[in-house]
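First chain written, first letter: the chains are A, B and C, and each begins at residue 1.
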Amino acid sequence: MRALAPLAGLAALLAVPLVVTDQYALHILITTGIFIIAAMSLNLLLGYTGQLSLGHIGFFGIGAYVSALCSLGFQLEFTDRLVLTVAPKPVWLSFVIAVATAALFGFLIGKLSFKVRGAYFVIVTLSFAEVARLVALNWVSLTQGPMALNNIPPFTLGLSDAWQLTFYRKLPNYFLMIAIGAGAYLLIARLVRSRLGRAMVALKENESLATSVGIDVTRYLVLAAVVSAGIAGAAGSFYAHYVRIIDPDIFLFIYTVTMVIMIVTGGKGTLLGPIVGGILFGFIPPVLREVAGPELQWIIYGLIMIVVVFFLPEGIVPAVTRAWAARRGRAATASARSPAGS
Amino acid sequence: MSDPAATELLKLDGIGIRFGGLVAIADLSFSVGSGEVVSLIGPNGAGKTTAFNIITGFCAPSHGSISFRGQPLNGLKPHEIAGRGVVRTFQKTSLFDTLTVLENVLTGLHRLGRSGALQVLLGLPSVGAEQRRLCERAAEILDFVGLGGRQDQLANALPYGEQRLLGVAIALAADPALLLLDEPVSGMNATETTSFMAILAKIRARGITTLLVEHDMRMVMEVSDRVVVLNQGRIIASGVPSEIQRHPEVIQAYLGQGRRRARH
Amino acid sequence: MDQLSQHLTNALVLGGTYALLGIGLTLIFGIMRVVNFTHGELYTFGAYMTFFAVSVAGANFFLALALATLVGVLLGAAIEVVLLRPLRSSDIDTTMIVMIGAWIAMQNGEQLIWGGVAKSIPTPFPTAPLVVGPVSVDWLRIFVFTAAILLIIGAHSLIHHTRFGRAMRATFADRDTAALMGINIGLVHTATFALGSGLAAAAGALLGPVFVVTATMGNLIALKAFAIVILGGLGNFTGAAIGGFILAFVEELGAGYISSGYRDAMGFLLIILVLMFRPTGLFRRAERIS
């Protein structure tokens, strides 16, 4: 039963294009999906370890840039004599390199800031994304700076040159997004349900008790940061090969904020939270766009964030789960003892 | 049976700690032999919990050395000390509040798990097998402390006495060779205390050495092999319970006050 | 050499306002344990208020500065009472998310009201700079630096020589004990947030005329203020004041001699260096871990 629900959800997601055939709507679905994957990865840190990574878009952007650059090929000029030329790589290899690079940054950031955690972690991650943006903007010889990286090749899958599938159109990209999302979901689900995930939650819940039974704080926080950054990098890489043009604005703080809103609204620390919140916030903008300018839209976002924290502090998914459990509980109490507490 | 010199498990030698200008512990030396139950008693502020914090690595002593099985514990982090089998409970009830009772104990079992990140992410079958094994072990521990029927309740929804027991269950899950219990029966009523003493006897029967901080004298005198009395950061007496009960300085420093603090 | 002294003078002017921002933020964090993301918006708000008073309402420049600071204080108090007071028992993440929401709403509110065109604020100072040897300094910049220093001294004596300051320091040291001693913690929190916000608004009012005023001017500034706070140690007044000047010097010299494109990255590199080598900040002994 419990194993079947995600499969049913996956089947429903795969069936969506049967209903939605409009290309623009499909595009919205794909970009929303990419954001949901990124939000799922952030949720691993924010929801399960309690560490707010406000520079999460940094991992996403690094994934996008690394993947784009690897697939396009690039040159690094250290001196006039010492030039490192990297020939264009296949997209799947670029994807792998992007994930690894983002994960490496997750490792470094984690190592650096988990010694002190809390407010420091927030500020370090925030700064990290901002530095990444400035590098993308100023390292023009590598990134083209504000001129953007163009003509990024689309995803290709194939055994040989003769037998290749290239993801130019929306529909195959939708399925690819679902595949990456399902993979990310599976990894995160496995992690949080394992002893490693329990260790992460334990640190958030009660750090001194956790250490007193032998849980190494730094180790599991760094592990969470690595996995989280790697998944965000995967989302970024896919984004780059889907839209096929990226510029330094990919690192804007506002994107991290969007992820945070999705997680907080949906329910942090739940597997479904970022998905529910993400679907909600994926569809609000196209609707709002009809009636409000971008500023008003963002004001509404900001207010929603505040309102959610005040009135639905746990988010939608836990609230619904509880209401559901309470209903079933009431039905059952007639004969059985009621559970203690609320 | 209680010959500490024969198999000395824990040894504190000249431990002292200062907080700012305040001397919390002046000079503390004692040892706990394998299989013993030793109680650390003394009036509030005598430095008992501080001693626990030092032994388990939660704070570093200003001077002195601690060894466990002949190896120094100084400078190790709390999780490393737990990793050697020295596990504590907390004076103030300390649980993973929003997790279920079973999850609390599963978390306590962390040290016994072996699956690493790669196995977990790949979803290897060994991970599931280990999970089932640990769940069984957790259920066993809950039965052991008498919380068998409470598995799926949230920790913070348990009544107070059961929360105290869950705290002990979490510590037991971490497979201690030396268990440090910080006022385990504080706040419990007489019946609960009596049944806790039975649990303590079972813990002892499992071969787990216990260092106990407790205010409840009935329990201390009944369960301890030896008692160490602290006052104002120094040991003022130590010996078997019958000696301690007759020791004039102890009566003056502690037992006289203890009556007034009986409720505590 | 001329260039160097020019850079140093610029750094002093910038450093004064950075110090104001850092002090406000570090007070709020130290006393309330709130990571204040609206700080940069208060800075922006101060600049727009000055613009409004001078250019729209036609007020005297100095009066406008005082007015902007005062309204910043009131706005800060309002934010504290409405958004933070109900959440006082919540953890730091919760308040942080609320403050991020407020930040986004405020920034876009400003964008909506004032539009995307940068505003410049006219000042009564002569346009000809003061020339001393190789260095030339605008009169405006001299005024900004002086005013910032006076405000820093004012805030310092408020904290160290008044009854209210004593209550703030007591709350900082130990909130529960302070409450037991009869200190009204709610009032201290509101006043602290108002004071910090006022300093941020003053910084914006002072720096607005030096540069131009835009709705997004607070973004980088907020991040820099965080850098200053980390540099000085979270909650450390003197550390924040010195940290403000250090950041300004590093930025100014980095932009002058390394690369102007990375000017704004200097603060973050400083953060990373500090965290690597002195995680509790440059000026604090490592005894307080929250």
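We adopt the following convention: a residue touches a chain if its C-beta (ideal position, glycine included) is under 8 Å from a C-beta of that chain, and two chains touch if they have at least 3 such contacts.
No experiment lies behind these values; they were computed from the predicted model shown.
Colleague: Graph shape for the chains shown, where an edge means the two chains touch. Line, ring, star, complete, or other?
Modeller: The chain contacts form an open line.
Colleague: From the C-alpha centres, identify the chain that is farthest from subunit C.
Modeller: B
Colleague: Using CA atoms only, can you tell me which chain is the most central one in this structure?
Modeller: A
Colleague: Using mean CA coordinates as chain centres, what's the gap between subunit B and subunit C in Å?
Modeller: So the centre of subunit B lies 48 Å away from the centre of subunit C.
Colleague: Go ahead and note the Å separation of the Cα centroids belonging to subunit A and subunit C.
Modeller: 32
Colleague: When the centre of a chain is set as the mean of its C-alpha atoms, what distance in Å lies between subunit A and subunit B?
Modeller: The computed centroid separation for subunit A versus subunit B comes out at 42 Å.
Colleague: Which part of subunit C faces subunit A closely enough to touch in the complex?
Modeller: Spelled out, the residues of subunit C in touch with subunit A are 29, 35, 83, 86-87, 92-94, 96-98, 100-109, 111-112, 219-220, 223, 226-227, 230, 234, 259, 261-262, 264-265, 267-269, 271-272, 275-276, 279-280, 290.
Colleague: Write out the stretch or stretches of subunit A touching subunit C in their complex.
Modeller: Residues 46, 50, 52, 54, 112-113, 115-116, 118-120, 122-124, 126-128, 130-131, 134-135, 137-138, 253-254, 257, 260, 264, 293-296, 298-299, 301-306, 309-310, 313.
Colleague: Across the complex, what residues on subunit A touch subunit B?
Modeller: By the definition above, subunit A touches subunit B via 186-187, 190-191, 194-196, 198-199, 201-202, 205-206, 208-217, 223, 227, 339-342.
Colleague: Where on subunit B does subunit A make contact in their complex?
Modeller: Against subunit A, the touching part of subunit B is residues 56, 58, 77-80, 82-83, 87-88, 90, 94-99, 103, 106-111, 113, 115-117, 120-121, 123, 127, 130-131, 134, 153-154, 156-159, 170-171, 173-174.
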